[in-house]
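Chain IDs A, B, C and D follow the sequence of writing; residue 1 opens each chain.
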């Protein structure tokens, strides 16, 4: 059994980790920390876990995290980089769901997250936890920086077009029009996330700039091995879970004859969690609700040069906690799908 | 034109007051205060008001509220009682949307609102602003304590049964199973009101006790002129606006022959804002959305002794801002419906 | 492995059966019928099942249901009673999710369902599939009539009060104010169930009479072994899944000293799927979303004579498909919880 | 008073017309037809109209539409073109909310709507009812084809960029990523529009082709006086009302110095119903809920060549009924805003 600790379990990615790990056949939940809720049974805060999780929250200083095999950080940015060194030194693997180990350029990190990066050496060692792109590196990693929710959908959606050696599309003018459910904003008391504000409403936000832009550009450039240009426009959808990314790329003249559907199917033929749907499909976010699946459909309207890629995922699962467990499975030599084969909840 | 001031306009009852008053033909909006937003154009906070309200928020100390004919308080409890004395002295009428002037017993007030009442003399003068019950007193009032949203629906729903001189139902065992949309919780940053918490969910709350219980008991006893006993169970509905109260009362044996439908129709025949629907109706909250109407339907399942009364209102209009404007119209000798005849928004 | 067939799998209880059974470790899905969708892969209609269910729908006349060990009927009323005799003759057990085998009085059935009952002999044999009440009889049954969604919540909520030999409450005046999500209306094209009609709205319906009333009265009388009187008022909640029943019963004077919390805890101490929450709790429907749990909290407002019982369940799981699988487990000698221990989905 | 008739008033655009026209100071509602609901009071179907509309539905053959000054068609495609000739002959003006008089090319109409156009001569006379583009022609028109909901938002969003004589953007590669609330699908009993299907979900649809594409291309080409190329991807949002269109256009090198904000503000400076918001804004659909306003914000992420235009409207008002009344006001010489100055409903 893998001994697992969780730092910061009171948010949505935390409770989602608990939901998945509580039913994982190879995991023993050892401790979960919360500064503010020390001593409180986890199931008192989240009654959905009654009968499944018997742990209480523990104050960070009392938690014996070094007894764990792996520790997940479901914390605000900055916490994981402070605690990772000691854990790694003690032989504990670390998986960070926040942004501390995503951006390889410390200046870019400092600009977008408003704090200096305190562990540049560890950052250099950290592996970006997107198994469909980075599986081999994850297998031997000690330290994982998990992708953000939007970046997961954008990278897996664009990857087959960018990974083919020579350019197929105008890589300087990619567009990602993304839509997220409200759980993406986290379990934070903010007026803009109140149900009376966010329901029966739709809006874009962060058009001037969003932290997931530099992360996605870094990831896409790693895939393409070339510079790319991306415009990213996020929107807020009045639903709880789910991301729907609508991606646009313009085929280069020499690629007009391409069978894009076949390209995508071939690219993901060995990836259990990526489902390339039949040509002409319109994937729905609910078709992956509460599961680690990501579904893709590819379109070429009017048979023109513009490729439209539709991607759906559950932002809390494939976009966060589920992807973390997927990485853990890879790191510990388990079947990648262990504990992650739940059927999506529909309706 | 009536010169109107609003104290505390950044919450949902505040913006609803603005929506109604901005289109009221006999009103001139003079000032609106907010300590935190001094100088900010109201329409910057609420873009729905662009082109309709050109005022900026003013800090309370700069606001010339004494130039107004009437001031509405859309503030937390305790604010109106502090400021009302000076305004009344200056000849300004006061309408409080909070609870400062609802409960006539200062001990009951102190118990449920956790603060002593600083103005018992004014409280004695204050009129409870439920026009369908209290119209004559409102006409000559200087100071109005507006009913809460739930109490409005419960009192208007039970009133015809209680107001008939002799008891018709078992008045010691009334039950009100009430359901409210989330705007009833106000525009406050609280985790429990987040869309990710409150949508796609249903729950009861405050079963042990809710501030609207003593207010409603006081109101029902004033109507009946007898002691009554009430159990009130509020629930939270994943919708923005609307209250649906399902009221239960057991007919006394001597009242079994009663034509309840006729009783209700007669009781409200002169009240524009109370619509007694045809027998057998199931009023929907959306049928009053964004309007000052309250609709009632009366049932007697299986022709038995239990009377079931269904009441719907918009908690922000008839349950708050609209009722406030209705009271203002009465106080200033206008037609009671002036500025309040908007057609509900459906769908 | 238990060979399972499903008749009528295109509705919500059908797809929910598929979700649960596809992951059930002791079940082999053998066939699923649909007259209109013959030949269509099930996963084409419900993309959430891609990778989990490889069956196609089969026309009823081609389906080899007699090869199954058990057949579930997720059909409109009347279908199961027509097909059950042949299946039972062939040694196949039958579990009906519709109402054909719920009401023991054929006249009551005919009145509420508008059709005569064609199998009164089978009806007499049929067992009402509520394991917490009827476990022993289910164990040896060939034919199960599963409870409706509302009746499950009402019976399990009232049972501890009624099952104590002598009356504890006024059993002639029970009240059930129930609220259901929209999936309870089924996957049928009806204007009243459109999102533009049902969302951001709340209403009661069927106050004059609802089919679940006679079923619940029958069940409660079987529990109490006495006549009972019930008023049932259903309401529609703008959410997908979940039932919240708020139950009211008046304690008899001789029962005022009762420790109701202890009574409920003792009554359900051996029932995995019934969770009696700590005193003072307010269970939320989302705390059981997509799970077979039913949670109960008991209140006594103001320490008076009125007992208020709050019950939540997922109408598609404990209220339908999950309860069917629970019965199957009991009938086939499996642990009752096999395949049913999923953690609820929150948020 | 303008005598108004409505053909087909049982859908969402019909009830919205009634809501607006019932409060219009210059309108007398004369008749409203429905084949299926002859004799039914309109307010029985839509209780929100109780006290505001006393008309009953009339069967088409009994309706005296020729007594009207203007008739609105809120009907399925094909009805208006059958009845318009007789009405026009009788001197009645006609405003069609369906698509009969939108597409000037009868072959294009036949292809997208699956029926031949029976009135090519009238079509040639018909005026496209988008006042901000076509005001002068509307003033003298007898017959109006109102724009679709999506096309209104796309045309008003792109217009300032296309109307400047010389091209400013790459007009062959415009992209419109549009999102609509569910009322856009109409009040039709369809499984895909059920709340249990459409809520807590997000998806694209019609990516291969949507009827609003040829209409929008026709409109944009009329504005630009040049050929344009447009990709249009519609999505379904789990909300009742509202369209949010996110529009993308790439600036030509020679237009990089353009002050786009100023361009948009100047373009719409005289249009009451188009609100160009301050630079950097993110308009929300609820900021125009139940009103005839359309709000636009213009962005240029990273100060690059891609212009991102955000447009919101209420699909039932500016996208349908409200725009129809706006056209009527223009046609009858009234102030364009008469009866259309309602404050949007927020929250």
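Everything below uses one rule, namely that a residue touches a chain if its C-beta (ideal position, glycine included) is under 8 Å from a C-beta of that chain, and two chains touch if they have at least 3 such contacts.
Please read all numbers here as calculations on a predicted model, not as lab measurements.
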Quiz item: If you take the mean of the Cα atoms for each chain, which one ends up farthest from subunit A?
Solution: B
Practice problem: Have a look at B-C versus B-D and report the one with more C-beta pairs in contact. | Solution: B-C
Practice problem: Compute the distance, rounded to whole Å, between the mean C-alpha positions of subunit B and subunit C. | Solution: 39
Exercise. Could you tell me the distance, in whole angstrom, between the mean C-alpha positions of subunit B and subunit D?
Key: 37
Practice problem: Please list all residues of subunit A that touch 2 or more other chains. | Solution: 12, 181, 183, 187, 196-197, 199-200, 238-241, 283-284, 286, 289, 347
Practice problem: With chains as vertices and touches as edges, which is it: line, ring, star, complete or other? | Solution: complete
Practice problem: Show which residues of subunit C lie in contact with subunit A when the two form their complex. | Solution: 12, 15, 19, 22-23, 46-52, 183, 187, 199-200, 240-241, 272, 275, 277, 281, 283-284, 286-291, 293, 295, 316, 341-347
Practice problem: State the interface residues of subunit C toward subunit B in the complex, per the touch definition above. | Solution: 173, 175, 177, 179, 181, 196-197, 199-205, 207-209, 229, 231-233, 235, 237-242, 244, 246, 248, 250, 280, 282-286, 289, 299, 301-302, 304, 306, 308, 310, 312, 347
Self-check item: Contact footprint of subunit A on subunit B as seen in their complex
Solution: 12, 181-183, 185, 187-191, 193-200, 238-240
